[in-house]
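One chain, subunit A, appears in both complexes that follow, with subunit B as partner in the first and subunit C in the second.
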Partner chain A sequence: MSAQSKTAVSPTRKRSLKQKIARVRAEGGFAAALMLAPSVFLLLVTSVYPFLWVFRYVAYDYNGMTSYYVGAHNFTRMLQDATFWESVLHTFEYAALKVVFIIPLALIMAVLMSRKIMGSGIFRGIYFMPTIISAAVSSMVFTFIFAAYNGVLNAVLRAAGLISQNINWLGDENVAMWSVIIVAIWGGFGNYMIYFMSGMSSISNDVYESARIDGANGMQIFWKITLPMLSPMLKIILMLAITGAFKDYESIMVLTQGGPNNRTQVMFLYIYQLIFGTNVKNPQIGYGTVLSLMAAVIVGAVTGIYLLLARKLDDVM
Partner chain B sequence: MVKRDTAVYSRQAKFVRGLLFVFMLVVALLTLYPIIYVFFGSFKENKELLVGGVNIFPETFVIQNYIDAWEQADFATYTKNSLFLGITIMLFSLILSSMAGYVFARKKFRGKELIYGLFVAFMFINVGSVSLRPLFELAIGLHMNTSLWSVVLISAGGGQATSIFLVRGYMNTIPKELDEAAKIDGCTFFQTFYMILLPVLKPILATVALLSFRGGWNEYILPLVFTMTTPEQRPLTVGVNMLKNAGDGAAAWNIMFAGATIAIVPMLLIYICSSRYFIEGLTAGAVKG
Partner chain C sequence: MKIQKLLCIFLAAAMAASLAACNDGSSSASSAAGAASAASQADEADEGGDSGDSGEAVTVEVWSNNRHDETYMTSSIDQHNADNPNLQIEYTIMADDWANSIQLAFQANTAPDIISMSASDGMTLSDYVSAGMFESLSSYIEGDETFQTVNEPYEHMYEGLNSIGDDIYWVPTGVRSGTRIEYNIGLMQDAGYDGVPSTLGELVEAAKAVTENGGGTVYGVGFTQNGFGRWLEGIGEMSGYNHMGYDYVNGVFDFSEWKPLLETAAEIYASGSVLPGSENQGVDNNRALFAQGSFAIWGNASQEAGVFTDQFPCDFEWGVAELPTMDGEVKGALPCTPNFAWVMLTSAEDKDACWDVISYFSSEEFLKGYFEGGYSAPLTGYMADKYDASKAGRIADFALQDYEDVYPTIPTITIEGDDYATVMWNVILGNVGADEAIEDLNTRYNNALERGLANGSCTRLVIKDFDKLNPSAGTCEYLTE
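And then the complex of A and B:
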């Protein structure tokens, strides 16, 4: 607009604008804009818009059809919602257990792969295989494996004489979280193993060789060389593992739907059920947006604290 | 190299290596077990499945489960829908990420850092499933809520950042002299991309294709939400789980086993033929991200 009005006044400006356009065209500026446009458009529609939308219903009770203003009620309701805070605790429990098991296992397997024992290429392919399969489908397969009466896991354990009574893997409050963790480890350790392997491949072979010449054994090499040299990469992988674990809910949705008695309810699953669940008559979307923001804040805080701790460790070491 | 190494190892070291091999084998068998279990289980008769037991192989191989799943339980439709999602999401990802990756790697313009930063930021900003609600309402407004195309656009849009980074990272390793030579020969900005760089990008595009096909084929919560009222649009992931939630699910274990196998095996075959690209894509993404 302003360029147009200016060009009307002075013809020299007009020429320079034309020249500008010609130059941009010659350099492919318009082509570049057209080529980037679809991606930017989809980013705006599928990521930015939903994020901004969330704030719109924060102070409303909204069931998908009608909405009315409720002020801070959603927030006070959250503070009193025991199920939500339990689900937050379960999220921490799930994430902690998953990371504590999956990271050492992935690291051990990565170290073993690097020793080039017979068939390690095939093993690597097998360990990574679960990440190729839909979590929803593999979790469904696990519900058959875990089935209390005719599940194969109980059958195997009974045949081996390890248990005398069937364990209700997904229906017993004391066991269900462990079952969920087992599936999470099965589905994810190959992924982190590959991360570790790519980190280890950047450690120079010379370092290992000189250590071996100095008489270091495998354990010493691992603790004194591999682990310290891997630590920058380890920090990134740990962060990915922690934030990833906080966002998991697809597999739990299929395995237990948060049950039994909310024992495996994690925050993102609880929010999903509030908004899309079939077991609630009225979707509680306004309340769901408040919980979603709280969940995002929790994940953000965990990431922040982790980064802070990781930096502190750097100073100490 | 490896052979010479083993010759040097002492007997004790050999023993340790043997132990480690057994450990790796056990982990591999545990990893494979659920897949083997469901594959061979899908050929069992329903009554054998319902009784349970430790047998991996069926007493009698029956193919009837697949016929029933295909004809009565609509798995032909589910498979068609899964293929549609996998292929279209793959095509969208290829087109979007190759073009955007090229522009980000090769074009200087004002605001580039800002747009790029927006892509990065929204990889980390995550409000979870609530974001599906506005998209669902938007789809209703556009009369696209019963079309799988909305699933395609949302899935491709949500997953494009990773693919763009992969393409951009790979593009940065290609010498710029190639572009300049093309330009001197009279190629426009787009022709340089289409005729010169696209063929060079083949390896990374193969990775993007595989990762995005996997993403589309395995998508679950998104199509679940969008096909609540349209069973004929459901992909395998949703269809097979719906069958399980359908109440008297115990009766249809055989069909669910067959359905799960149909959902798993094609992806597995693709993986076996091209695991290198999957793993390279993952490591390249990890280093860049």
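And then the complex of A and C:
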């Protein structure tokens, strides 16, 4: 190597290992690594390893104890599995309806609850309470509310003269999906309301004051100030709502078990039933893992498309 | 600043060390709940040889999925532990997700020594034996004459269910009867029926009559989620239809003969004789509604004796009747469920001590109290003579009939799509036609059987001398193609 080239590399000369260690130490790198180690370890063990584990059985018929090689059969079966693809459609339907109703409702309630009116603190607590109640427990209560024979809902509707015959809320294919969505909205809107309120608290009062001085009314303030300034928060809340809705299945499992006639069957409930369902005497873990991967791809694609479309929301601030 | 850094490093190291400590502790997780000393005693006992002889205390860990007998089991075990300081039983009820819990515990080396077992648990014996989880009890049974006298193990060997060849893996002591009809005597009498009719067609008419009498508040029948298996399936089996659709003589699935039953049963729904929404409610909700007098006919096995006496006591007179059949004649066996049995896991350290515990749970004195408490009915003739049926409450109404038996376990296949019970229930609800459903079931079940044979996950069971009224008596042949 020429002397010239030696001169050229000298400004970025390689540091010795000792120097590198000293530099990392000086920057606090070791402390950071040690502090991160437990959570990284837990992440690897409880999240990454199980995800990789899934790949082990995609080509097997595995019942939890013995696995039998089936080649690509699990994949071809998935392509022909009408119940699974129906469950995918139901998942989209459920997620779309849930998000369409829950986000505006949560936003409206957040605006109302942010006003300093009497009792708003209590109502805030009441609306948030479903979030901290177990989905299984609240859904069990809703089975009594929705009961066709002696349910509270039918009794109230009949007393109000709105229906003449009891509605089979959980057993009628035309109604069952709406019933599970009602429960989902009840259970989730308080949570999103708190998110919105947190976003609204970061909007400066000066902006509102200026708007009022300029003569803006409540609706104008909401559409022209609150909503635009909430948009970065809205982007995150929507993403959480969409991914959450796609993964919901607990309350559906209690309310309808995916019925009637698979009308409320959603992706993750179907997968759960294949692997852990109480009626399953021969768990289909291999096939369930293939469906899990497909479900992950679907949820990932939906999230990706959403993030792509929602980029504009960031530009507002 | 330096002190802060040191503190950070110390905290991080402490957190990592605590994780490592958690990991160390996992191997003795089972002993964490107050049994740490017991586990160490067990280890010591192993080192010292036989527990009984050495005087060292041994603890045998037992898991059960039975909740209904908790009071009797815990009081008996407390008494046993007080009387036998050298052989302690640590009893845990793990009712939920039973099979998965056992498998996971075994794989994680945290399994108990003994688990409870019932034919209704759906744990396919061959899977657990081939996975090396279940210990054969044959040698212990052979050397224990008292056990043989009380439990008649050789008379209750059910191929594929509790035994494979000459190896016995669990010995049932009790039995849950096959399904019966429980009915509200007053409602049936008001509709002009003294009891439950002997054919399904007549039962449909009776349900209509009760509903018409009920004025929109009382109905003929209550079902529950996926109600086919609750009692309609038993009617088909007693009518001579293939058990779970399996033709034992030819070793194939054939659901064709179920069509008349499906069509007749569908009339119950079509006529509006079913309590609205009962098919969406859990079993207990419907039991409560029966106990309130909301419908007249309910079907379930002998566990209802305790349910309608203690859990949801009826304030009206209720009767227990045998299931009807399609033409009034019994042409096939009604499956009953051998229960209250114990399995020793291969991971058990002190197997002799485990056998002592199984012997205790299967002893005459223990079982007498169990059956008189109404927790199950005796399976053996010996215990049937020894217990006082008058103390067992309404369970005596569910006494085994001559036509009740245990069917050989059908091949374990991986079904693609809904199982037969779900499909048949959909026919009854009017969601799919009977012909279409039967063709679909025959195709999917036989395809699954062929696939299982091809990949070695199952064998074809053929019983040339199969007798539908005495299914456990045939000679089983297992074919690989």
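The working rule: the second predicted complex is superposed on the first by the 269 of 317 C-alpha atoms of A that agree within 3 Å, B and C clash if a C-alpha of one lies under 4 Å from a C-alpha of the other, contacts with A are read in each partner's own complex, and residues count from 1 in each chain.
Just so we're on the same page, a residue touches a chain if its C-beta (ideal position, glycine included) is under 8 Å from a C-beta of that chain, and two chains touch if they have at least 3 such contacts.
As the structure is a prediction and not an experimental result, all values here were calculated from the model.
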{"item": "Simultaneous placement of subunit C and subunit B on subunit A, clash or fit", "value": "clash"}
{"item": "Subunit B versus subunit C as contact partner of A:147, first or second or both or neither", "value": "both"}
{"item": "First, second, both or neither for A:272, with subunit B first and subunit C second", "value": "first"}
{"item": "First (subunit B), second (subunit C), both or neither touched by A:259", "value": "second"}
{"item": "Contacts of A:307 with subunit B and subunit C, given as first, second, both or neither", "value": "neither"}
{"item": "Larger contact residue set on subunit A - subunit B or subunit C", "value": "B"}
{"item": "Contacts of A:89 with subunit B and subunit C, given as first, second, both or neither", "value": "neither"}
{"item": "First, second, both or neither for A:70, with subunit B first and subunit C second", "value": "second"}
{"item": "A:31 touches, of subunit B and subunit C: first, second, both or neither?", "value": "both"}
{"item": "Which of subunit B and subunit C A:198 touches, first, second, both or neither", "value": "first"}
{"item": "Contacts of A:51 with subunit B and subunit C, given as first, second, both or neither", "value": "first"}
{"item": "Where subunit B runs into subunit C (options 75-83, 165-173 or 183-191)", "value": "183-191"}
{"item": "Contacts on subunit A seen with subunit B and repeated with subunit C across the two complexes", "value": "28, 31, 35, 38, 42, 143-144, 147, 149-151, 276"}
{"item": "Complex interface listing, subunit A residues touching subunit C", "value": "28, 30-31, 34-35, 37-38, 41-42, 61, 63-66, 68-70, 73, 77, 81-83, 143-144, 147-151, 166, 168-171, 256-257, 259-261, 276, 278-279, 281-284, 287"}
{"item": "Subunit B - residues contacting subunit A, complex", "value": "2, 5, 16-17, 20-21, 23-25, 27-28, 30-32, 34-35, 37-38, 41, 49-54, 95-97, 99-100, 102-104, 107, 109, 115, 118-119, 122, 125-135, 138, 153-154, 156-158, 160-161, 164, 188-190, 192-193, 214, 217-218, 220-221, 225, 228, 236-238, 240-241, 244, 253, 256-257, 260, 263-264, 267-268, 271-272, 275, 278-279, 282-283, 286-287"}
{"item": "Residues of subunit A touching subunit B in the complex", "value": "27-29, 31-32, 35-36, 38-40, 42-43, 45-51, 53-54, 109, 112, 115-120, 123-130, 132-138, 140-145, 147, 149-152, 154-156, 159, 186, 190-191, 194-195, 197-198, 218, 236-237, 240, 247, 249-250, 253-254, 268, 271-272, 275-276, 285, 288-289, 292-293, 295-296, 299"}
{"item": "Of subunit C, residues touching subunit A in the complex", "value": "5, 8-9, 11-13, 15-16, 19, 97, 99-100, 103, 122, 124, 127-128, 130-131, 133, 225-226, 275-282, 285, 289, 294, 412-419, 421, 426, 429, 431, 451, 455-457"}
